[in-house]
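Have a look at these structures, which come just after this line.
What follows is a pair of complexes built around chain A, which joins chain B in one and chain C in the other.
Presenting the complex of A and B:
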């Protein structure tokens, strides 16, 4: 059975690019345009993988990432960060939030900095889902 | 009232990272989330004879904004703040209101508009239009010039000008929410010269004493809430005196209440808040009154 992949990104062109790559590789794409909508989709229809942007309106990818990683129901869902924000800044943000909020949230499974070629994205998805 | 989320509206030419940076002191109060908004005015990409809709120009402008926002966002993310961004081709004020509805910020930060005097006369300034249509406090930054550097510690020495209105009371509550970041606030009430028209020195002194007493009470109220405050009575034309006091006490910003009535009247008559927001060299925090007042 095909696996479901949720794409959370506010840019319609990026969503369209990722959806095309997923469909070409026989995954079922789900889409959301911000962190709030993304969490709603996850609650309703938990995906097998999340591809997550960081800089978005209404709840950034950082908030959703931490929410998923600290939620017992969803913390096993693998996450591929797919963003223009540099990994170095993302990791620093996690460190700052860990210190501020207490506890330590694990690093993302895969971090891809935009833009990427379709093959690179497909390979990252396959690595997590087979 | 705490500032947890702020909406930073920029066209980049009038409001840049130094302005944003000066607001980061609010982290010490309650700031958790910054939302960027860049509105590309429609006429920049509008249909032109012979060339049609300038799609390439839109892409270029949006990507330029995106690159700036990513750079700023990385800095803020590294501090543990939440960041969001909007880049839209639209009209400024309606777009701000749309984003305000989606994001519910506690403060809007905007640069002063660049409309010419004639456009101001007929259309009013963007800032006043915004104040008239929202009840969210709005911080107005000035157009960046070489001689107008944004103060690094924006909340260090604000100057609050009060006229004892209902809006003023709302402003006091807002100031209390900033107690963690305000160094010392100077509170000024300007007595109009017309109120001192008496040949009796005693009567003139009585006016000063009454106003000073009210200011003392307000300072006591703020100090009880944890905000250091100093009172000042000035006499003269309010706009001029507020500017003078801001200069004398090296204010880092001016805080003013702005009633809806004043916002409507200003289009025709000019109001103190509008004039200061439009002309002062200081950043101005305008606190609108309740829309039902």
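Presenting the complex of A and C:
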């Protein structure tokens, strides 16, 4: 059975691109346009993988990422960060948050900086889901 | 020194001896002479303190001796012994400066009194001399002290880095230090004690300082203010200045002005602004690059979706992909227009237009997106506001910009229980301004964000904003002689108000 992949991104252009890539590679795409909606979808219909943007209104990707990684129910779901933010900046923000809140949230499984070629994205998903 | 040595001159030897004896017994030292000539010799040899001389003598008489003695020492006390009733000689002796007269025959008491008087006079004169001498020393000391003090003050004024100019009560320049010469470009010798306030200052500056004396005596000091001095040699010098009115015992005696040359400070400020602007340009470019990258991502993604649509003959994919591409072409168009608007000075194109119609047009443009994001849009339009003369483009673009920002502010809001709402209002204020309010109940802004709103490069939207929107809106409204005002509070939302001058359409009477 095909695996489900959730795309969380506020940009409809990005959503339609990722959805098309997923369909082309025979995954079932789920979509959400912000962190809050993303978490609702995950609770209702847990996906096999999440492709997550960082900067979004209403519950940023950073917040959703840390929520998923610290929730026992969801911390096994692999996450691909898919964003225009440089990886270095993202990791720095995580480190700062770790220090502030205590504990350590693991690094994302895969970090992709936009723009990416469709093949690159498909490969990243395949690497995690087979 | 006490007057003790007395010269007695008389041609009658007996009288000389009697007087001498009598005086010696009173404790005086005496020297004697039997004629005027001898008297003068003894006087020169012995230097007596007091001379007692008979007036009538053969040869050199008393008057002549008196005259000679006074020639040698005008201060010398000479007592004249006169015959009874010899008024002419007495007057002549007085004229020659005799100190006292005693009549013949000489009585001891009369002589004693005359000698006492002479002695007192000598003492007084000696004391007076001493006082005068002391006084001279004291005056010299005081003068030196004053000179030192005034020298110190002169140096103080001279070396001051402030330009100091003081005027007397007739507004003549009395103090003009080297720094003042630098600022005003006139050498001190041309100014001090020669020019008046009206010669030195331009009328505008002169008026400021002259007006101060009219003020209350307690408020004679004016606060530091800034102005520009136009020098006679054509330079413009930015200065800070203050002035103090001088009173002496309640009477106006003059004015002193202090100037600080701000040229260097202004230059540094300008440099700072310039470097800040350069930094801002750098940040704007980096923000723009980010924005352009996002457009590129959209275009690439869209073309991939179109490719898939073509390959699979999937119309739905074709439409989605094509929409994405069109959407991003529109973004490029808007960006280009914003950049052009911001970089060029543009004159508003005034024409008759109906503001409420423009608001309706803007609402039509954003309605779909708003509905999709569950943001309500409402309007309160002033129905009395009909046709006005304005640049419809300016109003349209500014309102669209503000409404788009308002939507973003609603989307940024963390309070998800809120029903988000944007309200657009038109109204006339004070009969001469047309106002538009764009009000949202989104996230609002803190003071820092508010401060940076009209900075180029500033965007609170991450990579999704160019940082040009409000900048362009601000510029358009400014060119239209209008203003933008903001009221905001974090968590409650913001209201942006645009006010432009109300210009009614003139009805042309064809007849």
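Quick notes on this one:
In the analysis below, the second predicted complex is superposed on the first by the 130 of 130 C-alpha atoms of A that agree within 3 Å, B and C clash if a C-alpha of one lies under 4 Å from a C-alpha of the other, contacts with A are read in each partner's own complex, and residues count from 1 in each chain.
Here is the rule we go by: contacts are C-beta pairs under 8 Å (C-beta built on N, C-alpha and C of every residue); 3 or more make two chains touch, one makes a residue touch a chain.
Remember, predicted model here, so these are calculated numbers, not experimental data.
Applying the stated contact rule after C-alpha superposition, one finds that A:118 touches chain C and leaves chain B untouched. Looking at the shared chain after the overlay, A:86 reaches chain B, while chain C stays out of its contact range. Judged by the touch definition given at the top, the superposed model places A:96 against chain B, while chain C stays out of reach. By the document's definition of touching, both partners, chain B and chain C, reach A:55. Common to the chain B-facing and chain C-facing surfaces of chain A are residues 34, 55, 57-59, 84-85. The part of chain A that touches chain C in the complex is made up of residues 10-14, 16-18, 20-21, 23-24, 34, 36, 55, 57-59, 84-85, 114-115, 118.
Residues of chain A touching chain B in their complex: 34, 54-60, 62-63, 84-86, 89-90, 92-93, 96-97, 99-100. On chain B, the positions that touch chain A within their shared complex are 35, 66, 69-70, 73-75, 77-80, 82-86, 99, 102-103. The part of chain C that touches chain A in the complex is made up of residues 290, 293-294, 296-298, 300-302, 304-305, 308, 317, 320-321, 324, 327-328, 408, 411-414, 416, 462-464.
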